[in-house]
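Here come two complexes built around subunit A, the first alongside subunit B, the second alongside subunit C.
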Partner chain A sequence: MKFKDRINIDLLIYVAIIVVSVIVLVFLDMNKFEYNYAISIIEKSLVYAVVALSMNIVTGFTGLFSLGQAGFMALGAYTTAILTIPANVRPNVYYMNGILPALENAVVPIPVALILGGIVAAVFASLIGIPVLRLKSDYLAIATLGFSEIIRAVIASPMMDKITNGSYGLKSIPGFKSSLECFVYSLILIIIMILIINSSTGRDFKAIREDEIAARSVGINIFKTKELSFVVSSFFTGIGGGLLAMFMRSIDSKTFSITLTYDILLIVVLGGIGSITGSIVGAFFVTAGKEILRFFDEPFAIGGVEIPLFRPGFRMVIFSILLMVVVLFFRKGLLGGRELSFNDFIIRKKNEKLKNVGKGGKA
Partner chain B sequence: MNGMQFLQHALTGISVGGCYALIAIGYTLVYGILRLINFAHGDIFMIAGYFMIFSFAVLPFPIAIIVTLVLTTLLGIGIEKVAYSPLRNAPRMSVMISAIGVSYLLQNLATYLFTAIPQPYPEIPGLKLRIEIGNISTSFVTLITPIITILIVVGLLYLVNKTKMGMAMRAVSRDYEAASLMGIKLNQTISFTFAIGSLLAAVGSILYFTDRSTVFPYSGSLPGLKCFVAAVFGGIGSIPGALLGGFFIGICETIIKAIGLSTFSDAFTFIVLIVMLLIKPTGLFGEKNIDKV
Partner chain C sequence: MENVLKLTDMTMQFGGLKAIDSLNLEVNNHEIVAIIGPNGAGKTTAFNCITGIYTPTSGNIEYLNKSILNKEPEDITKRGIARTFQNIRLFKDLTVFENVLIAVHLRYNDNIFTSTFRFNRHQELAMREEVKVLLESQDLYKYRYDIASALPYGIQRRLEIARALATKPTLLLLDEPAAGMNPQETMELTSYIRKIRDDFGLTILLIEHHMDLVMDISDRIYVIDFGKLIAEGNPDEIQNNPHVIKAYLGVEDYA
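Moving on to the complex of A and B:
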C-alpha cells in the first residue's frame, strides 16, 4: 500500500516537472534569440547532470572513488565529434594535418555517434578497470586520474593528428538544434541510469559500498560487480562527454583536464554522494550559480564607494569555500544520500503524528 | 643525442628531480601519518612561489627567503587544522574530497588575488649565474639543487630516526591509536609533520621557480601529482624512497622532453605510477604487509 502511494505521488510530481520543463523549453526555443543565455545555462546544466549522475554511480553507489571522468568524457566527446562533423567542412577543420582517408566521409546520425562514444569509453574503462579496480580508495583515485591524463596526452599527441587533429582540437561540431533536443537526450540517459541504480544490479553496487566482505558472503562477485559499475558509469560519462562536445561545438584536449573532473566532483559532493536527485539538483545549482554569481566578478559599488572584493575570480572563491563548508559540516552533501521525495516527506509527517499520538496515549 | 647533450639533459633532470624529491617528501610524510594524499600539497608549493614574489618586493632577499619559509609552514599547519583535523574519524573519501577542496580553493584564491597571468619570479642574486664546465653550460641553481636536496634529506633522516619528535612521528604512523595511548600528542605530531612537509615544499618552490622564472595559479597542480607519483615509486612513507623517486621522475621526464616526445612527458609519470602499483604496490623501499593498496 505504502509502496503504491510512493510510486503514485513521486511519479506524478516527476511527470509534472517534466511536462512543465517541456513547456518552458518550447517557449524558450520559440524565443531563441531573446533567451539565448538562459538556454545555454539549461543545456550546460543538463549535460553536467548526466555526467554527475554517472560519476555518482561509481563513486556514490559503489563506493569506488574514481577521478577519471574527464578522460572518459574526452573519449566520448572526440568520438562524437569525429563522427558528426559534416563531411564538407572537414577539410577546414583538419586544415593543418589532413584527415585519415577512412574518416573522410564517416558521418553517422547524432544519436548513433553518442552511443558509439559511450561504447568507446566503456571499452577503455573495461580494459583500465581490470588492473585498476584491484586498488583501494586513494590509490584508485590517483590511478584513474593518471589514466585520464594519459588519454588526454594521447589525444593531443602528434601521432593522432589525422584522427583527433592533435593540439588544434575539433570545431564545427553540430550543436543541439533546440534545448528540447538536449533535454530529451539527458532525460533518456538519466531515466536509464535511475533504472540501473534501482535494479538488482544497483543493489549489488550498494552492497559493495556498504561492506565488501558482507557482499561477498551473500554471493556477489566483487570484482565483476565493480567492473560492471565502472564500465556502466564510463559508458554514460562517454555519452555525457559527447553531449558536452555538442554543447561547446569546439573541443580540444585542454577542455578535458583535471579541472573538469573536479568541477563534476563539486556537483556530486554538493548534491550528496549517493543521491540521484542530489546530482541533478546539484548540476543545476552549480552551473546556474556560477552564472548568476557572475556579478561578483564585476566591479560593484555601494553608494559610489567601490567594494574592492568584487573582481574576476571572486565567484570561484565563493564556490570553493562553499565546497569546503559542505565537506566539513555537511559531510554527506546537501541531500546526504537521501532523495528529494515528496512522498518521504508525507510519510515522515505521518510518522511524527503517530509518535505524538503514542506519547499522548502514554501520558 | 651525443654524450655531451645527454650529460646536459641529465644535469637538468637531476636538478628538477631534486625539487620533485623535496615535494615528494611532504607527500610521503603526510601519507605515512594520515593515510591521506594531500592533494593541496602542490598548491602549497605554488602559494610559496607567490609568497616569495611579494616578500622579495619589499624585503632584502635573505629575509624574504626566511619570510617565505615561515609563511608556507604556517599555511601548511593552518590547512591541516582547518580542513583535515575535523575529519579525523571520517571515512577516507571525505578527507580526500576535503583535500581536493583545499586544492581547488587555493587555486581559485590565487587566481582571484594574483590573476591568472604568470607573474615573474624574482631573481635571487647569484642563483642564476651561468657556469660553463667544458661544453656544458648550466646555471648555479641547477648545480646547487641536488646538493641542497641531499643535505636536507640527511638532516631529515637524522630528525626522524634519532630525535624524540621523530620517534613520535614514526609511532603515530605505525599505529596512531596506540601512539596516543602511550602519551604521544597526536595533534602536535601531525602539525609538526605538516610543518616539515610545507617547509620542504617552500625550499623546493624557491629552487624550482628560480629555474622556471614564472608562477601562475595552476603551476603547482601537475608538479604536485608528479611528486606524489615519485613518492609512490620510492615507497610511500620512506624518505630515501621519495628522494630516489623524485630524481627518477625528474631525469626521465627531462630525457623524454629532450628526445622530442614532450606531449608524453606528463603521461609517462602516470604510466610509471600504474606500472608500479601493479608490480610492486609498496614501492622500492616501502614497508611490506601494510594493507594500503
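Moving on to the complex of A and C:
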C-alpha cells in the first residue's frame, strides 16, 4: 500500500545524501585548519536546520504562529552550558559574582545536558501554552514574542547572576569535537522530528492547521493537540539552543534576542511553511547565503572607479532584496508546503499519464 | 422506537436575538428527519448546538437518553454524532486518504511516543485498511492520492460524508448536503443517503432546501421559522400545512 511505495526511492536518496555528507565531513574534519570556515558554516546550518524544523512543527504543521523560538533556545542553551562547562574552569567563568554552590560541580555528559535543556524548554512551554494557546494568529505571535523577551530579561537580571552569570554571559562551553559530531546530533533530532510529523500525531497537527472546526468534528481535542505540538516543538528548539551554545562556545542573553527568532522564521518562510525538506534546505541556503554575499561588504571597483554602495552592511540589503523576490514569486516559500521528493515526482508523472490516457479514451 | 436525539425547549440567544426559541425535536432510531425553513431560520444554529459548537442558553439536549449539554464537540463526536458542514470543511491541503484517516484516529488510542517510534505499526495498518475499505465502499478509493481541494464539488461533498462515516457515528447530521447540486446529482444523493443509512445503520438528521429531496427521503419533517417550530409531521402533512405555506410564500390567502 501507500506505506510501502512511499519508502523506496526517497529513502535511498536520503541515505545516499547522508553517506556523502559523512564522507565530506570526515574529509573536512581531517583538514580542519584549511576548511575552518566551511566547517563553521556547515555546523551553523545544521543547528539552524534543527531549530527551523522544530519551529515548522508548530508554525507550518499545526498552524500556530509562534515567535518564542529565541526564548526556548535560550532556556536550552543556558541549561546545556551550565551543565557542561568543565568544573575546573567555572571559577574563571563566574569570576564576577561567583557560582551557586549547588552548581559548582554539576557536570553531566553532553547528550544528557542537551536533553535536559530540551526538557526545561518543554516545561516552560507547557506552562505558558495553557494561557497563550487560546489566542489566535497575530495575538499568539505577540504573546510568545513577549515571553521570549521575558526569558531573555530574566537571564540577564542580577538576581540570576549566580546561575546564568547575568549580563556577562557564559563561556568555555565545550564545543563540537568535530563537524561529524554536530551532524550526528542534528541528524538524530531531524529524523525524530520527521517521524513525529509523519505519524498519526503529526496528522492531527495538520488537521488543526487545515480547519479547527472540522478537526473537532472528527474528535480531535484541539487544545490538547495544540499544547502537545507546542511542547514538542519547544523541546527540540531547546535542544537546538543547546547545540547553538556548543557551536558558539560562549553565549550571553543578547545572543537570544528577537533577531535570532527572525533568522529562524526567515529560514522557515523561505524554505516553505509546512515543508520538512524546505526547512533543511532553507537553513543551508540562508546561513551560507549570508556568508557568500559577504563580498558585497568589501570595497569594489570597476575600472578604477569605486562603487560607493559596496561597504559593510550592503550584503544585508542584497539579502533582503533576494528575500523579497522569493516572497513575491514563491509566495509559499521555495518548496511551498511540498517536499523535495523523487517519489512524488514519479507519482505525479504517472497520474498525468493515466489522466491523459483516460481523456484519450473518452474522446 | 428507540429515541436517539431529543431536544427539549432548547433556546439559543445571541445578545438580543433569539436564534432558536424553545425548540422541541425528537429523532428516533433509523429515521431520516429533515429540518427545513427559510434562510436564517436557525437550522444551522440548531446543528451547532447539538454538536457542541454553541452551548444553548437554556433547554436540554439528550443523545441516547443522556444529556450532552456542555460537552465539547470532540467528546460529542466520540459519543457517536458526526456531521458535515454547509460550506464544506475538508482538510483542504491533505489527500483524500489522509482526510478520512484523521477521522479514524479517535477510535484508536496511541500517544506521541508510540506513534513517533512506530510502536503502533499494527494500529496504523489497521487504520489504513479501514480507510481503504471505507473509501472503496464509497467509490472514492481512486481519488486517494488527490488533494481534497482539487476535487470536483460533488466529490468533495461525498468525501466529507465519508469522513463523517469514518468516525463510526450512530447519528449523522447533514447540513445542506445537496447545496449547489443539479437535479440529477440531487436524485443520486437521495438514494445515496438512504444507502448509507441502511449500510451503516445510521439515524440521519438533515437540513435541506431542495424540497424534492426532503419530501422524497424524510420520514418526518420539522419546519422552523425565526427560530420557532411552526410545524412537524410527515411529508404529506407538511406540504399541506398552512403555516408552512405562509412561511415559505409569505401570503395570507392560500389556495
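Just a few scattered comments:
Methods note: the second predicted complex is superposed on the first by the 341 of 363 C-alpha atoms of A that agree within 3 Å, B and C clash if a C-alpha of one lies under 4 Å from a C-alpha of the other, contacts with A are read in each partner's own complex, and residues count from 1 in each chain.
The definition used in the following text is that a contact is a pair of C-beta atoms (placed from the backbone, for glycine too) under 8 Å apart; a residue touches a chain by one contact, two chains touch by 3 or more.
Since this is a predicted model, take the numbers as computed values, not measurements.
Taken together in the superposed arrangement on subunit A, subunit B and subunit C fit without clashing. In the superposition on chain A, A:Pro109 contacts neither subunit B nor subunit C. In the superposition on chain A, contact of A:Met316 is made with subunit B only, not with subunit C. Using the contact criterion defined above for the overlaid structures, shared-chain residue A:Asp138 touches subunit B, although it does not reach subunit C. Within the superposed three-chain model, A:Ile192 lies in touch with subunit C and out of touch with subunit B [touch as defined at top]. Once the two complexes are laid over each other on the shared chain, residue contacts for A:Pro101 go to neither subunit B nor subunit C.
In the superposed three-chain arrangement, the CA centre of subunit A forms the vertex of an angle with the CA centres of subunit B and subunit C, and that angle is 80 degrees when rounded to a multiple of 10.
Residue contacts after overlaying the shared chain place A:Val232 against subunit C, while subunit B stays out of touching range.
In the superposition on chain A, contact is made by A:Asp204 with subunit C only, not with subunit B.
Contact with subunit C, but none with subunit B, is seen for A:Ser217 once the two complexes are overlaid on the shared chain.
Comparing subunit C and subunit B on the residues of subunit A they touch gives the larger count to B.
Of all Cα pairs linking subunit B with subunit C in the superposition, the shortest spans 10 Å.
In the three-chain superposition model, subunit A touches subunit B and subunit C at no common residue.
Across the complex, subunit A meets subunit B through its residues 59, 63, 65, 131-132, 134-139, 141-143, 145-147, 149-150, 152-154, 156-158, 167, 258, 262, 265-266, 269, 273, 311-314, 316-317, 319-321, 323-324, 327-328, 331. Residues of subunit B touching subunit A in their complex: 35-37, 83, 86-87, 90, 92-94, 96-98, 100-102, 104-105, 108-109, 111-113, 115-116, 221, 225, 228-229, 232, 263-264, 266-267, 269-271, 273-274, 277-278, 281, 292-293. The residues of subunit C lying in touch with subunit A in their complex are 51, 53, 72-74, 77-78, 82-83, 85, 89-94, 97-98, 101-103, 105-106, 108, 110-112, 115-118, 120, 124-125, 127-128, 132, 144-145, 163-164, 166-167.
The part of subunit A that touches subunit C in the complex is made up of residues 1-3, 192, 195-196, 199-204, 206-207, 210-211, 213-222, 228, 232, 274, 337, 347, 351.
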